[in-house]
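Two complexes follow with chain A in common, the first pairing it with chain B and the second with chain C.
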Partner chain A sequence: MSEPVGATQGAGRNQVLRVRDLEIGYSTDRGLVRAVRGVSFDLEDDDSLAFIGESGSGKTTLGLSLVRLLPQSASIARGEIVFHTASGGELDLTDLDDETLRRFRWRECAMVFQSAQNALNPVMRIRDHFADTARDHAETDGVLKGRALTERATECLQLVQLDPDRVLRAYPHELSGGMRQRVMIALGLLLNPRVLILDEPTTALDVLTQRAIIEVLRELREGHRFAMIFVSHDLSLAAELADRVATTYAGRIVELGDVEQVFYHPRHPYTVGLLDAVPTLAGEHQELSSIPGSPPDLIDLPSGCKFHPRCPYATDKCREEDPPLIEVAPGQTAACWHWEKVGSDWEARGGERHERDANRA
Partner chain B sequence: MFRKVARSYLFRRLIKALVTVFVMASLTFFLIRLMPGGPVEAYIANLVTQYNVSHQSATQQAASLFSLDLDAPVYQQYLEYLGNLVRGDLGESLVSRGVPVSKIVLSYLPWTLFSIGSALIISFSVGVFLGMIMAYKRESKLDHVLTNLGSMVSAIPDYIMGILIVVWIGVQWELVDITAMRGSLSPGIQPGFNLTFIGDALYHASLPILTYVLGTIGVWMLTMRGSTESTLGEDYVTVAKARGLKERRIATAYVGRNAALPPFTQLSISIALVFGGSLLIEWLYVYEGLGYVLYNSIQQRDYPVMQGVFLIITTMVILANLLADLLYSRLDPRIRVGGRD
Partner chain C sequence: MSGTPIELEHASRFYGSGSQQVRAVDDVSFTIEPGETLCLVGESGCGKSTTGRMMAGLLEPSEGRVLYGGKDVGKLPQEEKKRFRRAVQIIHQDPYASLNPIRNVTQILSAPLRRHKLTKSRSELGTKLRELLETVGLTPPEEFLRKHPHELSGGQRQRVSVARALTVNPEVIVADEPVSMVDVSLRIGLLNMLLKLQQDLGVAFLFITHDLAVAKHFSWEGRIGVMYLGRMVELGSTQRLVREPVHPYTRALISALPEADPELTRHKERLRLRSPDIPSLLNLPAGCPFHPRCPKYEEGLCDTDRPAEDAVALDGHLAACYVAARELGQGDRIPESSRTAGAEARRRTA
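On to the complex of A and B.
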């Protein structure tokens, strides 16, 4: 896979994560599920990158691989994940011994999971969750306990707009779903990680709570210097919180660029399909369209471009040859043979309307 | 406010326990009076056949002995019985004349509590520990061996297990001196807080304890294996790993702590089963506990003692369940709130 474009702009920023040609497969009875296929990207230390795509496009697998929490049946077949730690060292995440990996997790890279409803130990108070995390990272951070721990936990909880006095004493079941999700984010901040991964952070929450979580994340983004990776099928979340967006399809990145570029000037038909499928709350009546067909079987992938069976632009070339990521604009790449046609059609269709919608979302 | 909830939960639980004891006491009372050939007839028949006394004098003897107006209406007898019960008076033994039942029961109770209590503690902790190892090493050779052993021992009824132990360990292999182990203490040993006494008590209780442990451990192993396996799949365990917690901490505070809850609820059921089973086991090993007393009193048709033992056993089971419930509510904070409404 070629070097991803749009990675290193601006000076004075430091790279925290470099992923190259990553291949992850799950071995099943039916065969190898190719969940991630040749993914490459870079992340700077104040960057915010969103992976969007349908369920089963390999987004979550990608997220899990960054903290090496893949299920037993999954294995990294190829590629490299290099993490630049705060102390300036380089960690090859595909090759870590257990203890180094344990110390790396949460200290360097924290992850807030999709199902935060059940992410907290039901028999432990919230305070003990903070204490546990601090204690087991004491080698790196020095012991944080007693009043210092309470102060730090209070600080983290205030950042996510929770009442620390009440929450620290509570058991998980005494908190609402949104509060638990915020506790998880606060817990993620405890050790000042360099990267925070959020896997569907608002799924399974009601609209108002989603709103509150997005606000919290937005404030965190503005006030803190750490990189964020979102994994979501929620385009509005990506639009609000990400600097860059990577559209994933069948385990690979099919379009990558700045959020404005990807959302206002998409050049891959799959991105176009995703944008067309988003309803708008206000404004004139608009025809919603879904992408015909369903995501491909990751065991038995179609030939050529994996999107061609569902693509209105598909030609013989698409059926035979998988397109590489082509630079379609400065800092924007798309893996489509017909990106120019996709682009001109989009602009002709009145990109403005979409632009407005994206703003509203 | 939290205290108030906890207190009311405790209060409600206590009331429930008291009502259960009351119902059990009433059932015992009516059950004994409903049995064909009541205690008096049985006693009279016994005197006539065994000692060849005339029926009339036997009847007179019985009436004076029972000192209870057996012709009074049942409800009057019932009220008197309840009244005595509240005062802790369980009547007097028919066989050992003049000895209060409460005294007999209280002198044998500690041995039963000691053997059953230590057996349950041993089997629960060992079983839960093994179950966890099985789940962590699932599909390994060790797991298969332990799973099969576990289901095997839990399939054998405890009295058969006891007989097997007597036959193999005591008689065929002669690993222990089964006759010397009879009773609850060796002759001449004085109860007291010293090593000789504790050692001797354990020596005499060891076979009953072994039987109870083997009879119950399979359940803990298998339940714990299952619950550990499902707990390992819980999100908070994955998240704990993502938080970089140490493996040992995850295994104890996250996996073990939560996985032990289902086997712990089974403890309540087991307490009742083991108490019931102790009747035969104590008889088998001639271990002088409540079960042994009950067996003898049934043999001798000593109704007041029988009644007393029944009552004390049910009370013990109810108390143990109460204790288990209260402990459970300490272990699982979700229960404490659940008790509010």
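On to the complex of A and C.
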């Protein structure tokens, strides 16, 4: 259970991140909110991994834990997050002193936060945001400043297709939502991190703006070697940008595999439910169905498999025992006692899906 | 349910004044027929919500009229105005803000029933409430009657909002982004419930959404109107609009929309816009408001006159684009001034 599958050691690929059995909770008046439960995964240095799931599935908490920005009320109860630095060292993120942490953030791993509207300081020009980031996170002897800083900031802004002359001088309110989001991405790139974490990077943006951001991210990945983790409730974003997809439910990864595997051959009923619930624009009218019930209360989780109250496949075994994440195909894991049945039912419906695909073409 | 068409006739709504005046909705006309579904689609700031609020009688048009059964809503006598108020109900986007947190479901739903004297006795009220909750899929109703909004999920709250709109037997429901704040797994359930209402009760819908895929799902048999910077740029049957969009803006939206299918979405044909940034409503470009971004832009033709909503008119399918009008053999619908300016510009560059 602690060794996830899908970590291929291809030539020239290096592991940057190893997460094992991570457990994070928030203490509240009502009790402990179990936001992340036993999450394990690996990340290679050119990998793009998407965590998809609904609100309250623990995906943002997971993202925050990777840069150690969890709020005070959260605590890592168990597990390890090991980061392989550019210089070849290993850092255990669950146990870092403030100084090492400061240097780790943004140089090794940067995060683009949800809702760029609120993430930029409204009384600071964009130039000063770059200066601040450089000052806080660069090495003491090699701080980016003056002309070098301007050059690097210019370069980053050009990468996200913004006009540096205009944007560097601007205050956040002078920029549109899409431009601010691109500034956030440029800020993330400033110190050349090896991992970029994006939390709902296109949520609340309009379709055309969203498209611009997706294209920027795609081009960045093609031209530069860094790994990307993004967290979203939007399946189509994962379909666009991910190499691998992890479906999360109630704080756990319930399915993990290559993007084609997860979208075309899902083996967990929750993944199937999500795929059946999303309308597409291409093709004929489809019958869509929703997943019955609501996401669980993370303080008072159901017994056994946390999805069983909403699952059409649930049996007594599901109510009693939480299924482990097991290999269902090379490179694909799923946590379901009935994954074979789920899979054969899905493939049996394949005819209807292929027809749909043919109509789309 | 009897039906009366509701029409927006050259309706505009302005905010602010002088140089700061914003034309949030500018000269929009369309009719909702009884039992019909019309989806308004567009990006934020395109005026779709303002249009919906005018239709629901919550905002008065700055110019133009709202007609209910052919009569100007602004000039209706008291009694008929009341009928109009009941005939059109609105469901708001945010189910966390649109329900009073200190009222329980029974109180929320019985207020309009009492106000409009639709139930005569306590037992009739009880039956009606149960019926309403069952209609919106909150079953068993007994479980929900005493609940307060905070005890309900986003999807359940939105169902209560729908039940509240249904209390007065409306003819039209204006639904302003009713599913955008609801979890993905619950969204389709809510949409399917609204579709069922439309089919079973014959309620007409003005459904406002930024998501073209949701619009397609909801109004497959109906129409879609695409708005951009306060104007209606294309209006037509959903199936035709999705398959053969006429306006370059609609085509841009369709090509830009990411789809939940890796093969499909990565190989979709892309339309390159000339500029990624949307102009400010305070400083609208001359001529067609889309021309600074439009891949089909032609100097003179596109930046001289603002294209009329029906610059292209093909069996009831309308689009405000002169380039499309010319390509579709409707060049005679282009005004003289734009035709001349376009021809001149072409001569200059040739």
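Structural remarks
In this text, the second predicted complex is superposed on the first by the 346 of 361 C-alpha atoms of A that agree within 3 Å, B and C clash if a C-alpha of one lies under 4 Å from a C-alpha of the other, contacts with A are read in each partner's own complex, and residues count from 1 in each chain.
In the analysis below, a residue touches a chain if its C-beta (ideal position, glycine included) is under 8 Å from a C-beta of that chain, and two chains touch if they have at least 3 such contacts.
All values derive from a computational prediction rather than experimental measurement.
By the touch criterion defined above, A:Ala186 reaches neither chain B nor chain C. By the touch criterion stated above, A:Trp106 is placed in contact with chain B alone, chain C being left untouched. Applying the stated contact rule after C-alpha superposition, one finds that A:Cys311 touches neither chain B nor chain C. Partner contacting the larger number of chain A residues, of chain B and chain C: C.
Once chain A of one complex is fitted onto chain A of the other, the partner contacts of A:Ser55 are limited to chain C, with no touch recorded for chain B. When the two structures are aligned on the shared chain, A:Ala246 is found in touch with neither chain B nor chain C.
When both complexes are overlaid on chain A, the residue A:His137 reaches chain B alone and has no touch with chain C.
Using the contact criterion defined above for the overlaid structures, shared-chain residue A:Ser290 touches chain C, although it does not reach chain B.
In the superposed model, A:Ala335 makes contact with neither chain B nor chain C.
Those residues of chain B whose C-beta lies close enough to touch chain A in the complex are 234-236, 238-247, 249, 253-254, 257-258, 331-334, 337. By the touch criterion given at the top, residues 54-55, 161, 176, 178-179, 206-212, 214, 233-240, 259-260, 263-264, 273-282, 285-286, 288-292, 294-295, 357, 360 of chain A touch chain C in their complex.
Listing the residues of chain C that touch chain A in their complex gives 43-44, 153, 155-156, 183-192, 210, 212-214, 216-217, 220, 242, 252-254, 256-266, 268, 270, 273, 276-278.
Across the complex, chain B is touched by residues 67, 69, 102-107, 110-111, 113, 115-124, 132-133, 136-137, 171, 173-174, 184, 187 of chain A.
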